[in-house]
Amino acid sequence: MLLELTSVSKRFGGLTALRDVDLQVDENELVGIIGPNGAGKTTLFNVISGFYRPDGGAIRFDGQDISGHPAHAIARLGLCRTFQLVKPFGNLSVLQNVTIGALNRERRVERARTVAEEIIERCRLGPFRDVPGKSLPIGLRKRLEVARALATQPRLLLLDEVMSGLNPTELHEMLDLIRELHAGGLALLVIEHIMAVIMPLSQRVVVLHHGEKLAEGPPAAVAADRRVIDAYLGEEFAVAEA
Amino acid sequence: MATISQLLVASVLLGGVYALVSIGLTLIFGVMRVVNFAHGEFLMLGMYLAFWGFTLWGVDPYLAVVVALPGFFLLGGITYLVVMRGIISSSHSVQIFTTVGLSIALQSVALLAWTSDFRFVRPPLAEVTVRVAGASVNLAALIAFGVAMACTLALFAFLRWTHVGMVMRATAQDREAATLMGINTDLVHGLTFALGIACVGVAGVLLAPRYPVYPTAGLQFILIAFVVVILGGLGDMVGALIGSLIVAAVEVFGSYLIGTAWREVLYFLILLAVLMFRPAGLFGQRGAENLGT
Amino acid sequence: MNRLLQLSTQHSALSTRLRRHWPAIVLFGIAALAPTFVRDAYLLDTLVLILLWGALAGAWNVAGGYAGQVSLGHAAFFGLGAYAAAVTAIHWELSAWLAMPLGAALATLVGLLIGYLSNRLRGPYFALATIGLSQVLLIVASRWRELTRGGEGIPIPFRPGFENLAFATKQPWVYLAVLFAVLVYAVAVYLESSRFGYQLAGVREDENAAEALGIDSRRLKVIAIAVSAFLTSILGTVWAQYVGFVDPNYVFSFDLSIKFALMTIIGGIATGIGPFLGALLITLLEAYLRASFSGGPAGQSGIYLVIYGVALMLVVRFLPRGLVLELADRFRWRRRARRAEAQEGEQVAAGTH
């Protein structure tokens, strides 16, 4: 079991953002996380990746306890996340951005740059190699965010709504990329809002609602789950799927 | 021989004026999220206004306040349009260096125009002493306190009970939401800045009879203002008021007990201590110093 | 044949790398050659000052530019280095070369404190803390009479000789200044090409994003600030020996801290040559103004301070990458645009457009 969350909780003052969440992601699994706004999805990512300390429960990555460890240490272990509001290194070029990602594993800059070039090609960012991050439109920024995370050579990649804000073409390209990564052996935990995208993509779906895990299982089962429909999906989606 | 009541009264009176100096600074930060490093220079200009008003036309500083208030409001508005407006959304570095640059420019303009000589304003009222609460008090200090408190309370009332004041408080809480509500944040920022400068300009006029006037006079007061504002929590108006009282008390009692030589060290150590252990201040929101906007 | 190709590619790679640094090579080269051709003490003095200020600005740049931690209190480190030389000279007759590591050690400790603060405070809060620290040191230095002779300052006894870091003529000072300038420049080059430097760039761009990529941002910031403090202090010691007098109200002053930042910003923040170009500009400007406004002491300092203040405001807002880089860029862009136009014109004429 690559990632294992046991009874993880997170409170902000009087507000409980996460309550007793259990979650597992195994090697090469593609797990989707859905839920209405405010359900705690990004908070979950923040807790897993070390940006927030959990108030309860435990998180194990590759057998190691990582609860409360600092974010950079967790990234060095091979768990990398992207941000919902993308954070490109604006004044640095695409190549420099990805190179910095590659320096997670590579000790030498030339080697890191080579790795970065490969990943840039793979993510089809080649033509924008020398463009500064801040000059990229949102679709390319999202791709850069993924490329940079990929360069860290992770074992588990956490993608936070990488598909929102993309036009249909960009969406397709991103989907293809994610499928390629999965096919290549990477484990992925994907937060997504667009049902039509996440359902066909995921092997397994976890539904969060008010900070709790509401349901879990294969996409079809989750889509048919009464509680999920009531809380989140709405009748139309269930009917459409049926 | 000073008594406790003497020292206490002095603290309160001084605190009132420090409040006026600081309130503008904390208001500007609260609404605009900009630390105005040039705040002290406007105070210095207020002091010079009092000096020249008195020296050239024999105008008593306390009357000069009437001119200072609208005058500095206007100056604040102009400064906003020319300097501040362009950097509202800029990075911290840009904001810091812009206001620092403004500070340097204003100091040097004063230096060029009026030389580095210390000037003194000695209106007749400044020599009179009265008895208040069993302590003998300088009339000038009393009047300064009165005017300062009047202005401060007027500002509080404005923020609390007028529509515009509410709009300012809304912008302070969430600029983006305010824009979405149709609030002209540019206007709000300009108004805020102008008000902040008006306050500190008037404070300068009030302080002139009691302190020497020279181009870098702003520095010692701005240090105090920063200590007050950080102690009370950046953006917190009530905090600034209480902070002013505390700092004034430290100054008055400190001067009496250990002399003025180490007073400044005391201020800086308080500043450093607060920044290290409770950067949000006594009343500010914890973590505020980590959130940029 | 292959071996020749290999050698030639290696050679061109190296020469490309060196070619990047041509402004520095030219500047330091001219400076190093100057004493051979120039005898005028005033000119050599100006050169030494440009190099020292450039190096000081470059030292600030490590923390303020490359690490993105804007400090307005670097005079604290400078003053510690200066006082290390002065205090050890008058109390224990120590050589400045020995005083240098003492001052540097103290400054680095203070730098570690500042580094700690940089992890707890952001932007203006951090700047305020650095100002506060430098001011505390100023006041302590000007009151602690037994150690520092208080406000009257310390004239450093002149004992010429390399072992004391004191020279009777200007020439050795020029060589020494070039050496330190090259040292600081080398640090900048390291920051632009090493793993540490790349990661630091990530930290200054977006700390959270950097953390998510495995970068220990806190540690990196502390190291950068400590290095910056170390370099600034060493240069403070050199400066004190050169000028021969340490005045607390100058060496710990806020104006001085601003100067380090100003030169870097004007020349080009987070670049190797920027601080030196800024120092060149500012020092020449000061020399010019001093000469033109030689009447009236108040007028003098007033005039160039106004210019600094306005320059700071304008550069930071409109030419954020520094005067020199922005102008160079515009020039290059215009040349490229002209070339593109010319190409288009050719194509039209040839009927291939």
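A, B and C are the chain letters, set down in written order, and residue numbers restart from 1 in every chain.
Everything that follows uses one rule, which is that a contact is a pair of C-beta atoms (placed from the backbone, for glycine too) under 8 Å apart; a residue touches a chain by one contact, two chains touch by 3 or more.
Just so it is clear, the structure is predicted and the values come from calculations on it, not from any experiment.
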(request) Specify the chain with the shortest distance from its C-alpha centroid to the centroid of every protein C-alpha atom present. (result) C
(message) Farthest chain from chain A, going by mean C-alpha coordinates, please.
(response) B
(message) Tell me the chain pair with the top count of C-beta pairs in contact.
(response) B-C
(message) Quick check: how many Å separate the C-alpha centres of chain B and chain C?
(response) 34
(message) Rounded to a whole Å, what is the gap between the Cα centroids of chain A and chain C?
(response) 42
(message) Taking the mean of the C-alpha atoms as each chain's centre, how many Å separate chain A from chain B?
(response) 48
(request) For chain C, write out the residues touching at least two other chains, lowest number first. (result) none
(message) Quick check: in the complex, which residue numbers of chain B touch chain C?
(response) 35, 37, 83, 86-87, 90, 92-98, 100-109, 111-112, 115-116, 219, 223, 226, 230, 261-262, 264-265, 268-269, 271-272, 275-276, 279, 289-290, 292
(request) Flag every residue of chain C that touches chain A in the complex, lowest number first. (result) 193-195, 198-199, 201-202, 205-206, 208-217
(request) Would you pull the chain C residues touching chain B in the complex into a rising list? (result) 68, 70, 72, 117, 120-125, 127-129, 132-133, 135-136, 139-140, 143, 254, 258, 261, 265, 298-299, 301-303, 305-306, 308-313, 316-317, 320
(message) List the residues on chain A that touch chain C in their complex, please.
(response) 49-51, 70-73, 75-76, 80-83, 87-92, 96, 99-101, 103-104, 106-109, 112, 148-149, 152
